[in-house]
Amino acid sequence: MRSILQRGDKFQPLPTDDDRLDQQIPGDLWKKCPKCSELIYTRELENNLRVCPKCGNHFRLRARERIEQLVDPGSFVEWDAEVRPADPLEFSDPSGAYSDKLQATQRKSGEYEALITGFGTVDGRSIVVAVSDFDFLGASMGSVFGEKLTRAMERCAEAGTPLMSVNASGGARMHEGLFSLMQMAKTVAAFARLGEARVPHISLLADPCYGGVTASYATIADVIIAEPGTLVGFAGPRVIEQITKQKLPDGFQTAEFLLEHGMIDFIVERGDLKRTVAELLDHYARVHQVDRGESIPWQPNLARSNGVAPKAAKPGKKS
Amino acid sequence: MRSILQRGDKFQPLPTDDDRLDQQIPGDLWKKCPKCSELIYTRELENNLRVCPKCGNHFRLRARERIEQLVDPGSFVEWDAEVRPADPLEFSDPSGAYSDKLQATQRKSGEYEALITGFGTVDGRSIVVAVSDFDFLGASMGSVFGEKLTRAMERCAEAGTPLMSVNASGGARMHEGLFSLMQMAKTVAAFARLGEARVPHISLLADPCYGGVTASYATIADVIIAEPGTLVGFAGPRVIEQITKQKLPDGFQTAEFLLEHGMIDFIVERGDLKRTVAELLDHYARVHQVDRGESIPWQPNLARSNGVAPKAAKPGKKS
Amino acid sequence: MRRALNRRSESTATLEPVESVALTPWDRVKLARHQSRPHSLDYINVLFTGFIELHGDRLFGDDPAIVGGLARFGDRTIVVIGHQKGGDTRENIRRNFGMVRPEGYRKAERLMRHAEKFGIPVVTFIDTPGAEPGIGSEERGQGTAIAESLLTMAGLKTPIVAVIIGEGGSGGALAIGMADRMLMLENAVYAVASPEACAAILWKDAGKAPQAAETMRITAEDLLSFGIVDEVIPELVPAHENTHGTISAVGDAVQRALDELMEVVDQPSGLDRLMEQRYERFRRIGVWSEALPVAAE
Amino acid sequence: MRRALNRRSESTATLEPVESVALTPWDRVKLARHQSRPHSLDYINVLFTGFIELHGDRLFGDDPAIVGGLARFGDRTIVVIGHQKGGDTRENIRRNFGMVRPEGYRKAERLMRHAEKFGIPVVTFIDTPGAEPGIGSEERGQGTAIAESLLTMAGLKTPIVAVIIGEGGSGGALAIGMADRMLMLENAVYAVASPEACAAILWKDAGKAPQAAETMRITAEDLLSFGIVDEVIPELVPAHENTHGTISAVGDAVQRALDELMEVVDQPSGLDRLMEQRYERFRRIGVWSEALPVAAE
């Protein structure tokens, strides 16, 4: 396992022209919340995990921001950074060639591809993370996305390390044609093997998650989580509206809608995410500690045993 | 297998007071159709498998009528006729003791219990049948029902003989209390084992089928069939209407409703039932003929290869 | 009367026992349904730590009448599933009075498969008037959903412990109760139909429910004598007057049951033996006469 | 151009071949969508005998955009599943133009599990514009349904042959197409998005669909060269002008594929090998560069 974990080389950032954050207010000092329109001091926003302190809006995160929030400082070892996109169809449209678009995107985003994978720890617990970056061509799932995720799953299966995927995506990457579509099959097959190895996969559906990612590994994970307000669907809302000529219901395709319709396990606020993931990892880790003989008996949960019937668990909250 | 098949003794009919057919018109010559109200010559009705020649209404069948229609003449060997109901709760209500009610029902119905099981052939193909008799306390599922069905399933699993169950039932037999409820678990467990042995179970939902039978082995069979107009549900329509204070939709809980809601495989008219079951048995039988080497190649289905696109299969009909 | 005498939990030892022989079956029905009686989440929140509720059937919806998730019990991870009634009217309406819809059973089934996948034992708490009778429930296959849940439990390759904590209402209760060990609180009831329904049908008068309750043999004592329930957990005083003590006693009984089952599972071919024992557990239930006994197979 | 030259079926041998090199990808899109092109039931009714259609997902509904059931193919029992378009407008409306809802994928999944249970091989026919985009489909988890179907196919312990007979529309096609052998008719297409949608997004003009179709590389020839499709079944004349010949050619190709797969399965540990091969089949798909090659694991 060690050798595998150390296999990937450390990420080497590409030169970036420093415009990766959208909706910026002059300078980098202030940022406008797209939900409540308040101006927020950027440092305050960062300290609050990029959740608006005024209205609770969860700003979208870049992949590396997410990783930084999720794993312990200094623990992340990136994998397969050398796996980089190609242009198998020699695809070109009026806005230019795919290969040029890739280069421009790489420069602009500071990433080689839309999925970052690697090993890290969550409060000391081993985890493999696979995090998509919506700023890289809408985190569309092409060959590299599928290959890196599949390699990560295969190593998780081998080493028994749980996987957490963070899944924002616009869907398939059209520029890679059917190679892109087939990544759905490839990643689901890898997930099936991960399951045979009894290694858990926790999926965080991140805003926005559509198309091929929604229709493959992300929605069949062992535990499926979303942050408040996250949009998740198969078809995009505009497509549905155009085709059906129906008005979409309020809150359509939000995390809350998915919870109500039984598609996700719970909604978690960003501030609670790391703790929740740690708790989940502990639950799965305990299963495999086969040290039978005398079991440790249960103890009353003192936080709860106050003689008063505790409140029912709220959806999306640990109780 | 032989010894098992011959194990049950032949059914010995109880004395019957000859009033088992309801809705009789003076004499036995004519019968009134409850759907179209036409008077039908009884012999004509029998010759038509007790389907109204005027309106197609499928009359309810007694268990032995069903068996007679389904298996080849003289092929039926009954099993476990000696397994007969007891009265574990010493149950009694204002209308009398359960034990007395059993005796009266046995006399009136000519059966010892609500489920008849045994071996037979369908156009020469081996099959085990388990057929409930609604005239015996509404074919409620008590201990004997569960035990006979479980034994039949166990023998099917051992011998590799397919099972066909015909399931009309009012639900659990309240007079046997929780012993009755537990037959759901018992029969489902036996069905699970039948499945592990890769032996198919064909379920015909017969009018009416409610409660514990709908909520156990009958609705998880490998192929689920119903005759037109059959009523099937978990809760009875009157209970639902009383509790919800809602008007029930037209056709609620009919076979057609179940088909539309995805709960059954198809609807078959009584005249096509035996042929359909034979076809199904052939399909499953062929799977296990492992005689590899050169396979027999496909041949165009001449009945269909007339160059014209065939009509789409109608729901509930073989096409 | 009590066949299974349990190690009494510390916290209940000083309470005065009620003269339980004086309780009629109908008294127990009323106790079992008492709104202040502890419900599944009360047990979950005291017996377990780190409960993470998991939602949804991945098909249609999330039924609040069933709760379930991952939790820690002693040094074990378990999957817990329970019917959930409300402690007040508002909550009861939200929980549909613990009457489960098909999506609730499908959520339970999903969680059971989750447990099986990871080798996690399952603990269920039973407390329901019955499966919901309704148009939508019939449309979405209430009977099929219950049957599928039973089929899943019949073959589930991990230990299952069920505790009947209040009202065991017919198929809707059994749907999450096909367990390796069935434990039952002394004042819980478990019946094939509600006494009211039985009285309405057989007595032609729902008001005769107390008599029906007597005749139906629905108490823990009865079911223990029938071999349907494995152990009765005493309520020295009714659970709603002794929440902590009752929950503790349930915890102790679950602990013993899980310890026993895990010991089976930890043997070589332990899962096969568990499956065999579960099959036999239900296989033997039933009472009949065999008029013409045949030679043993 | 044709990498997989097939034993030509008798009935087509005398027909004049069309100069297929003259066809553009957009021509093929139009042929693939031609209303008179044979659809799944046309294949089912000619290739198989004793077809018994099985309905329903046991959860919510029965989707007419998916047909499936048991049938006999030569001396084998198979489970056949296909997208079903209509041959006329009325039928097309009933079949939702072959656009499947979640319940359709769940029916397909149920039938696949049925096949696995009894060791029956699966044959699927792919012909859909894509999964249905709609409010109800989203509510009932269209994405989840497709993903679950893929997961089922990934581990299904019985051979699967898929034939792309017309329009292979994105994830909605793949959902029943994750097979051990992928066969494709010469004038069928298989694309990650419809050319119209691709043109609308990337060309900002849906009318540029013909150009998008060219760029997207969606023909059988392309997909064979990519190693995504295993065999191209020639259409000497377009299928709708040669229904019987096309269906026969498909029958012959399916026969060969099934014979090969059953030979694998009939070996000792054959199912394990089948699973291994299916995994590798999809595992290897993708094109990337590896800037800093590492030593082989």
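By letter and in written order, the chains are A, B, C and D; residue numbering begins at 1 in each of them.
Assume contacts are C-beta pairs under 8 Å (C-beta built on N, C-alpha and C of every residue); 3 or more make two chains touch, one makes a residue touch a chain.
For clarity, every value in this text was computed on a predicted model and none was experimentally measured.
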> What chain is the most remote from chain A, judged by the mean position of CA atoms in each chain?
Replying inline: B
>> From the mean C-alpha coordinate of chain B to that of chain C, what's the distance rounded to whole Å?
In response: 31
> How far is the middle of chain A from the middle of chain C, if each middle is the mean of its Cα atoms, in Å?
Replying inline: 38
> Any idea how many Å lie between the Cα centroids of chain C and chain D?
Replying inline: 46
> Of all the residues in chain D, which ones touch at least 2 other chains?
Replying inline: 58-60, 140-141, 144, 148
>> I need the residues of chain B touching at least two other chains; which ones are they?
In response: 219, 261-263
> Which of line, ring, star, complete or other matches the graph of chains that touch?
Replying inline: other
> Can you name every pair of chains that touch?
Replying inline: A-C, A-D, B-C, B-D, C-D
> Residues of chain D touching chain A in their complex?
Replying inline: 131, 133-135, 137-144, 146-148, 150-151, 154-155, 170-171, 174-175, 178, 190-193, 198, 201-204, 212, 215-218, 223, 226, 228, 278-279, 282-283, 285-294, 297
> Along chain A, where are the residues that touch chain C in the complex?
Replying inline: 195, 198, 200, 219, 222-223, 259-266, 276, 279-280, 282-284, 286-290, 292, 295-301, 304-305, 307, 309-310, 312-313, 315-316, 318-319
>> Applying the document's contact rule, which stretches of chain C touch chain D when the two form their complex?
In response: 58-60, 102, 106, 140-141, 144, 148
>> Help me check something: in the complex, which residues belonging to chain C touch chain A?
In response: 36, 38-39, 41-42, 45-62, 67, 70-77, 84, 86-87, 91, 95, 103, 107, 114, 117-120, 243-244, 247-248, 251, 254-255, 258-259, 262-263, 266
> For the complex, which residues does chain B have touching chain C?
Replying inline: 4, 7, 9, 81-86, 88-89, 91-95, 142-144, 146-147, 150, 172, 174, 176-186, 188-193, 196, 211-212, 214-220, 232-235, 239-240, 243-244, 246, 248-249, 252-253, 257, 261-263
